[in-house]
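As structure tokens, the structure follows; a few thoughts come after it.
Each chain carries a letter (A, B, C, D, E and F) given by its place in the written order, and its residues are counted from 1.
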Amino acid sequence: MKTLFILNNPSKLTTCLEAMAKDDGLLLIEDAVILTRKNIERKEISLQALNEDVTARGVNHTDPSWQLINYAKFVELTLTFDKSVTWL
Amino acid sequence: MKSVCFIFNKPPYGQESGKELLDICLMCSAFEMPITVIFQGDGVLQLIENQQPDILNIKNYSKTFKALKLYGVETVLIDAAGLEKHQLVTENILNIGEIANSKIIQNVIQNTDFSIML
Amino acid sequence: MATFSLLITANPYSNQGQYSALKFTKAVLEAGHIIKRIFFYADGVLVANRLNCPPADELNLTKSWAKLAIEKDIELTVCVTAALKRGIVNQAEAERNALTSESIDPAFELSGLGQLTEAMLASDRLVTFG
Amino acid sequence: MATFSLLITANPYSNQGQYSALKFTKAVLEAGHIIKRIFFYADGVLVANRLNCPPADELNLTKSWAKLAIEKDIELTVCVTAALKRGIVNQAEAERNALTSESIDPAFELSGLGQLTEAMLASDRLVTFG
Amino acid sequence: MKSVCFIFNKPPYGQESGKELLDICLMCSAFEMPITVIFQGDGVLQLIENQQPDILNIKNYSKTFKALKLYGVETVLIDAAGLEKHQLVTENILNIGEIANSKIIQNVIQNTDFSIML
Amino acid sequence: MKTLFILNNPSKLTTCLEAMAKDDGLLLIEDAVILTRKNIERKEISLQALNEDVTARGVNHTDPSWQLINYAKFVELTLTFDKSVTWL
């Protein structure tokens, strides 16, 4: 079963990536949107970030190579994947 | 019945989350859900043998981990990398589970219906 | 159509998690899905304190949850053990513990941790906000 | 002999900081030094809620601070802005905000953030527990 | 008069601590204490120009940083390493202070009577 | 003026060390006592850890090369140094 990992704390990125298998997805929300693509070495992982959190912080300048999504898409993602785990 | 895994990834006592996660785990066991417990990263420190939080006036809940089998928890995985990071060997920790690498841990997370951490 | 439950542990005064959870809940309902239960645990229970008075220019999370619950008929369940420790009590708990007054907002209900497990078993998805 | 003040922002329900601060305060007094003021701010103010009912086998931090304050005549000052937001109110604030009841433990006193600055200026050391 | 420095080291909005620290800073300025403000590491993100936290229903307090001079705060230091880490250049951030390396920041922390962070 | 840095969160070690000058001291308390000497490269910094927090967690096995102190010594340290900053 594919898992959607939801990350809100940038300092937990490393242990989160360790727990992720090949087909899993990573969604960055809240403070985790300050991460940049170069922080994430595993290129095979699908990556998204919550648009509202990016805009609120004005961190769009880093031109993240992951996809920006809204809350409607966030809900959809939790159903596209078989389950979610919020990595705290 | 839906299965659930609990991921402990924080050291004990600085935060309350270990105890709070354990309480959810025990409740799910009362509902007879199939349960896996994982100690990952700094979470392996939850299992150190000779904890004495009473000197901080904090309750020692680590004893409850020893009772996980009695509560019907079949699988307990302990992250090998976490042990190594903290220079721990099996003699230093509660003998309640199997040492596992990250591939095995990933596999368990992928194969349960719910995963909870706090 | 899917059934969701939420586990909210985020501190309403210090973290963004409750704001995110509110937006997520609204998006679930707008997409036509069902919310089985919203379960408040750990510091998440603090939002049920009806004495909370945020400054006028900040969102009142307690009232926001209460409004949503009433309009959309959603169960807001608060873990009684976590709540008691944090001074969130209803009339019965106040009397049992010899406290001077209740403090829970009437839109929230105190109950046991079993309500979380029961919600998991009755839902397609559990999403945590911490 | 030195004069200390403490700034406590640690969440009493979820972090160890308040336990550490209690032990530090006792050690300061045992060494013969003076505590000018203990200032509770951010989530640290939550400890002043007199409705807090921790389980019988856990330390009651609210009562521990209250006991120490009374025995050693220490000022426990709670930031009013941080407290109001978190549902910690005295009688005057409860009336001003149309709340049903007060909730602050009588050993703690609500006051402004200026009391922290004033304590810094009157102390040799400020030690923070967060 | 005793001096104080405030160290902002967390990004905004995920946690409330930035706003809470700013409030202490303004209070100390009212007492006319000499104040230095430091934005270190992830704290430099507090200064990004076009923040819009209102879309999260959270108040935008970053505007108050622009008023620090008016409050009598003479020195504002912005960590060069923090800017680099987040791929920020001076055009991306509020023009309220000087870029400083870690030696300068260390020096300021050492030379104030109090240092506060939250 | 020499500063005593008080650290309670192991994940903040790196930024804490960046802020420390040569004569400063580092005191590990609460969860930060799980750090080991090899985490701290700057050998010139004076290092202490709070004994009660070490014992509570049972992490004495790592034989830390820093000095273990009690609360009485903690109070003394805040006076030996010119001031303290709790690195949160």
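Convention: a contact is a pair of C-beta atoms (placed from the backbone, for glycine too) under 8 Å apart; a residue touches a chain by one contact, two chains touch by 3 or more.
Everything numeric in this text was worked out from a predicted model, so none of it was measured.
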item	value
Fitted rotation between subunit C and its twin subunit D in degrees, CA, nearest 5	180
Of all other chains, the one whose Cα centre sits farthest from subunit A	D
Most distant chain from subunit E, judged by the mean position of its C-alpha atoms	B
Chain pair bearing the highest count of C-beta contacts	C-D
Cα-centroid distance, subunit D relative to subunit F, in whole angstrom	25
Subunit B and subunit E, separation of their C-alpha mean positions in angstrom	39
Euclidean distance of C-alpha centroids - subunit A vs subunit F, Å	34
Set of subunit E residues in contact with two or more other chains	13-17, 56, 58, 114, 116-118
In subunit D, residues with contacts to at least two other chains	9, 13-14, 16, 42, 58, 81, 126, 128, 130
Subunit F: positions in contact with at least two other chains	8, 30-31, 52, 83, 85-86, 88
Touching residues (chain side subunit B, partner subunit C) in the complex	1-2, 4, 16-17, 20, 23-24, 27-28, 30-31, 33, 114, 116-118
Interfacial residue positions of subunit F with respect to subunit B in the complex	8-10, 30-31, 34, 36, 52-53, 55-59, 61-62
Subunit D-facing residues of subunit B, complex	13-17, 56-59
Subunit B-facing residues of subunit D, complex	13-16, 19, 57-59
Interface residues, subunit A side, partner subunit C - complex	6, 8, 29-31, 52, 71-72, 74-76, 78-79, 83-86, 88
